[in-house]
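Each in structure tokens, the structures are laid out below.
Shared between the two complexes below is subunit A, which has subunit B as its partner in the first and subunit C in the second.
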Partner chain A sequence: MKNNLVQPIRIGLMSGFIAIFLALIGMVETFDKRDVISEVISLGATVLLLTILSAAYLAARGQSKNGVRWMFTAGAVSGLVGGGALALFIFTTTLIDMRGVFINVKATLIKMLTLEQEVLALGLMYLIGVSTITGLVGTALYLTPSRVRQALLVAFLCVLALGVMQELLRVTFANVGFLADLIRSLYEKNGLSRVGAASIFIVTFTLTFAWSFIQSPVQARIAALSPRGQFLLKSTSFLLLFAALFFIPKALDNVYIGEVMSNVGLFILMGLGLNIVVGFAGLLDLGYVAFFAIGAYTVGVLTSPERGGTLNFWQALPIAISIAVLFGFILGIPVLKIRGDYLAIVTMGFGEIIRILVLSDFLRPWLGGAGGIVGIPKAEVLGFKFAGPIEIYYIILIGILIVVFLAIRLKDSRLGRAWMAVREDEDVAQAMGINLVWTKLIAFAIGASFAGISGAIFATKLSTIYPQSFKFDVSINVLALLILGGMGSIPGVIIGALMVVGLPELFREFDDFLFLVYGAALVVMMQLRPEGLWPETTRLRELHHEHAPAEPTTAD
Partner chain B sequence: MRQSLRERLSFTDLFMWVVGALIVLIIVYGSISTLIIGRYSSRQWFDFVVNGIMLGSVYALIALGYTLVYGILRMINFAHSEVFMAGAFNSYFVGTALNQSGYLEQNPVVGLLLIFAMAMITSTIVAVLLERIAYRPLRGAPRIVSLITAIGASFFLQYTFKGLYGAGVKAYPRLPVLNQSLEFGEFKILYVQIFVVAAALVLMAALYYIVQRTKVGKAMRAVSEDFDTAALMGIDVDRIIVITFILGGALAGAAGVLWSLVFPQVNFVMGFIPGLKAFTAAVLGGIGNIPGAMVGGLFLGLIESVGPGLFLDGLKVTAPHQLKDVIAFTMLVLVLIFRPSGILGEKLTQKKA
Partner chain C sequence: MTNTILSANNVTKRFGGLTAVNSVHIEVKENSIHSVIGPNGAGKTTFFNCLTGFYKPDVGEILFNGHSLVGLRSDQIIVLGIARTYQNIRLFANLTALDNVLIGQHIHLKAGWLGSALRFPSTLREEKTALVEANRLLNFVGLANKGNQIAKNLSYGDQRRLEIARALASKPKLLLLDEPTAGMNPHETEEATLFFRNLRDELNITILLIEHDMRVVMGISEIISVLDYGLKIAEGTPKEIQNNAHVIEAYLGRGSAGNVGKDQVAAAPAI
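For the complex of A and B:
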């Protein structure tokens, strides 16, 4: 590679554009309200610096054959150009009033970006200077040994995460004496205290660094265990996990955490259902929310006294599941003959049809139209009322256990293998004697039943359901968690639900950027890691073989 | 073996035919009873039809974008609805500025041209960036991967525009000229209706000319026929794909302006429903088929506009016009089941999809 500056400049420009983009959509400003380290650096500034830093890292990597001096030059240049682009943007905003068009170009943003300097030129100089130094840091990061780099990265992410999660940790552990004290000592005002940040950094750095030395021996030991030993290990860790999930909400005795965990749980239920349809059988269903709605509305209509319902939750639940299954069949039969992309669109149309019908005045006498159904009673067992989110969490947990068990058993069953065969190649599967009609229908029906359970619990959890709760976004959420976790993988569903539903619940103040980040995450995931975070083994193999041939049109 | 296969097929086929026959019966019964009740005057029917044609021509313009991309890449460009939204949204700013300075009223032709230019340029840029950043790295990946990318890109674009311009609904400037009407006896047509249909026709004619008569169009048709062979014949496939996205984007931008002239407000989610409808229209006409998209758009617009009044009123459904989307999506399902190739298309759903 030649010693030229074209590539670093290009990368720097790109990072500058990304930084401007983040500023324009309001991300920098919103994130600036939160400090990672109190009064030292805000989340907004961190995001910008990270952008510049990663650009410099890439620029340095591009020059890795040209010696250290060139790498530092490249890093500095990319930082300089990135900061320069941002500075130019700020300068332009002072010349032209952009507020009429871009709502986020505010005085506060400019103030923050110029590091709160009174004189604009000085502020811009500072900005460019900081970016250049960040560029050099990026290069230095590239040059550090990978083991140290990894530990640095983990430690940095820990500080970042803990810095942002202050409120949450405070609320969560408010009822647990010694943890509450520890947390109080780590934070001040709006973020981590300097001492707190430093100690977290050092502790996590040391731990990760140490782990990097013992990681492979430990993994080798685990791999060397007998099948029986591995099974024992797996089941003990599973039991531990389950115990933790069972006792945590009770121990924390915190309504907010109960609420978040039950929301995650509802999405795990749906995710497991969609996993059967999309992950196992390969039928992309974008109208999955319809079954969730059907479950919720069935329970609503049957139990709410306002709608003349007389049943209790436990009587209505099996009916809700059966109706969801019925609709699974009804949708399944017509779409059986449709493949691939068309299936996605038709199911999406189906989801919209259900929502519009529920919302319409035509069905208002039965389903309440836009007003929804109110007064759905809580579930009861022997006089114990599952009223609050923590109690409902236990219903959900039991539901998840049953569903996970079913999903694991189904996956390895004859039916599960048939699904996977259909997913891989319908024609070959049929030639092998698999009954396509039946196999697909069952997938739809089982997927629908899981969503029906989830919807039923959702109805009793909220006591009120509105058509607005069943928008297309829900289907996308479920799909996103599947993809993030890894399609077809059951632990993947759980990880995905934690990330897609759990994390956003914890960052309510950044709600505006939720779908933006999802969208970007889906696109990036598909390019870099289409198999998901916790992939199913067969899928992993398959996706990494398919990189070779490129033939988009020769599908006939 | 063969016997049992036939038995299985005949079960689902039978079921589908029964469902289809039921729906047709409902439609016929509904229409007859509506006509007997005589709830709508002939003027109202005329309005329904004119409105349907107008909506249909906008759908057709968007549908062309889906069809062009599908024809070449065999992928559903799910984010096309956001390309449409982007054009409409950015043209709003030009429109408002021109409106406030009074220029739009003095010089509506040039004003409209500027608005169209802004919309078409924005949409084209968005479409090209979309192809370059999101789709190109995935050439040849499994179809589900590109569809999911498209869905992700669609959400990303929606919320980008929300971040840039805010979540509120903005009122699109109205042109007083377009709100006048032509009257023939009791029938009346708004200028905006004529304008939308005329503009759509001109654009479609231009597209047809490009695809059928120019060298680029020839290359596009070749690539859509056979990707690899076209590349072997010396066609720069990447360039043709970019041109396809440019054409689709420009049409979507124009459609965005036309849509906003009819429903004068813009918002970051405004693309979803028209996009879905336009895709339905593309499938109705036979996806990958350019005249098909036009026919499908018109058909869908008419069904949607006339359908609720004609089919549902006679069945004593309250507020039937709320259900127009249900009719549109039901049409989609029915077409895909009974004529997967669409009205004018080749048989695609089962073979190539």
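For the complex of A and C:
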């Protein structure tokens, strides 16, 4: 029986250490400033409790063979140990002054962790008590039927998300009368009101729970539709989605939202391009930002009066795309024979070469060096100026539509199959008659063209471009959104861009912890769902069966 | 039947100090089933790799219907009409069976990058025909209904069939099969043997076969070439090979030649 406790203790200790780590780096305290439910629970406390809760859940799962009693014991022990470790840490900070090393160990942190009790011992006991109870809750969560658990989880995440997004929602819907009123009623001060939180929880829980019952019949009904019906369904839902994307920014009339959606859109364009190179053809390209830079700088040089540019955006755009394609070929040629890891390194070098060239004194007369290019004019159509982020969003939207259309067709074509064959087994692909040189070059070129479009729009959106905007981390972000969304999947690119580019916008004030959360999310993601949020699906085709010449039918 | 479709003259391939294929001379008659046998490491697969452009022979000449194959890339060789399967199955594992066969048709489809991206009416027609052809081939090898399955999820025997379907999709004149019955049970092997004979009889495809299962080899080959340590040590009809002293020695060791008969060679397992 003693053995059974080793694992919960270990898991509890781990959760304790994670909690201490989060406290030490200042995350808990910073997050504590935002409330999920006003004056009830803060985001910081939620993060800590979630750590303890997940640990208890895992501990309970580890004991699932030993009966309910042991599972509760394990959950409680895990919570107790996790809370205990945290309490021990707090106690230590009162004995030794840690501020010299860990600047985040402040009185406010201690106060928050001891639940604002005057007496330290009492506070620590409360802390341990709350952790233990959380551990029991974690176990209970493990024991609830999965249908209920999922609904609980969704409801909880909705409350959490809405609680955190107060600011954003208030700003977003400020110009939409009835929604503004609704939002005002849900929140108070610094977070959701108690009533607001409870109603959101109940509504989302009920909806999710109900959906879990009708989900499979609905899906079966859809699957049973005729090809024509499915086509109609698909096109209607697509049109609805497009209409929503088209009208939302205008309806909200909000510059901030327009800005965020434009940024997401630019990354979707790049993601779709890199998806062809990495997702379809399997060529790991870490220097993808280079093509984005080339698109942006071409437009900058050709249109900015400061640089003697005389063209307008629409004249410069095709040239920008062509030059990006040309550089796609130029990059492609030396890396044709290089595979895997080596390819990643070489392309990474290429990305840096372009950035350093742009930054160099050598090209300064044309590209402006570190000063970049300023005064890039906005795009115009018949006197209508695409000036603000909302107007530019529409250019991006149209760009995405065209690129998605091309990407879908390419994927399911002779060329797309050739790319996938190269990805799966290069030698055999060649032996099937696929010309590796051309197939790879065209992948680089088409990928580059999409990034070129993105860069061109980026230039006119900002009016100013600096080498700083084209650093290595753009390549990494695009790759990360592909991995997060699902390699090779076109809807995955869109989901991935929303997660990688859109989500951080909501947490601007926690910018310091962006990469910590980001890294943790990738690790968790690779463990739980390595195929991505919206994985590539294999297209199922109707199979034609050629029967032997049919016997003369007697019945009709 | 007497035309030579493939002739390899004096083909030699060395890896460092090892001569994997040593001055091999093999002529394959059109419409025949020709086997290449030999103990493990005899150089059979290396020889195949020389024929299909995976390796470039160091010395020697390979002629296929009058075209020299030496120095051509594998994607150029398949256009001439040589397709192959692999000893350790090499399908496009994460694609569907149907896609595998469609990729096999690559050289017969014309859509370029523009056609692929914009899907012209001609592209659409071509894709439709390709799909029908792919389904026909899947049915032909016995994979009807399995077109939408991911290749790696197919059973071992089905994967072998799919590999043959993919090779047939390129409409080859000469099909190189590298141990196609490895890992099959006796019943499946028998079916496969019949299937190979059908390929030749119905589709007029010349077959060059590497095989360890002597029942298959002796059952369907018209000519057998035997390799050992990279050298061709014998060639002839199944009957001649069964009685050849060099062959028996290569399989069973020196000293055996005098006192074993053809039964032992015939029964020799995959050594």
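Assume the second predicted complex is superposed on the first by the 534 of 556 C-alpha atoms of A that agree within 3 Å, B and C clash if a C-alpha of one lies under 4 Å from a C-alpha of the other, contacts with A are read in each partner's own complex, and residues count from 1 in each chain.
Everything that follows uses one rule, which is that a contact is a pair of C-beta atoms (placed from the backbone, for glycine too) under 8 Å apart; a residue touches a chain by one contact, two chains touch by 3 or more.
The shown structure was predicted, so the numbers you read here are calculated from the model rather than taken from an experiment.
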First, second, both or neither for A:179, with subunit B first and subunit C second: neither
Partner chain in contact with A:435 - subunit B first, subunit C second, else both or neither: both
Partner chain(s) touched by A:348 [first = subunit B, second = subunit C, both, neither]: first
Which superposed partner A:519 touches (first subunit B, second subunit C, both, neither): first
Which superposed partner A:27 touches (first subunit B, second subunit C, both, neither): first
Subunit B versus subunit C as contact partner of A:503, first or second or both or neither: neither
First, second, both or neither for A:362, with subunit B first and subunit C second: first
Subunit B versus subunit C as contact partner of A:333, first or second or both or neither: first
Touched partner set for A:136, first subunit B, second subunit C, both or neither: neither
Subunit B and subunit C contact sites that coincide on subunit A, given as residue numbers: 435, 543, 546
Subunit A partner contacts - residues on subunit C that touch it in the complex: 52-54, 73-75, 77-79, 84, 86, 90, 92-96, 98-99, 102-104, 106-107, 109, 111-113, 115-119, 123, 127, 131-132, 135-136, 138-139, 144-145, 147-148, 150, 166, 170
Partner subunit B, residues of subunit A touching it in the complex: 21, 24-27, 100-104, 282, 284, 286, 333-342, 344-346, 348-350, 352-353, 356-357, 359-362, 364, 435, 437, 472, 476, 479-480, 483, 512-513, 515-516, 518-523, 525-527, 530, 543, 546, 549-556
Interface residues, subunit A side, partner subunit C - complex: 406, 409-410, 413-418, 420-421, 424-425, 427-436, 442, 446, 538-541, 543-546
Residue ranges of subunit B in contact with subunit A within the complex: 8, 11-12, 15-16, 19, 72-76, 93, 133-134, 137-149, 151-160, 162-166, 224, 226-228, 272, 276, 279-280, 283, 317-320, 322-323, 325-326, 329-330, 332-333, 336-337, 340, 349-353
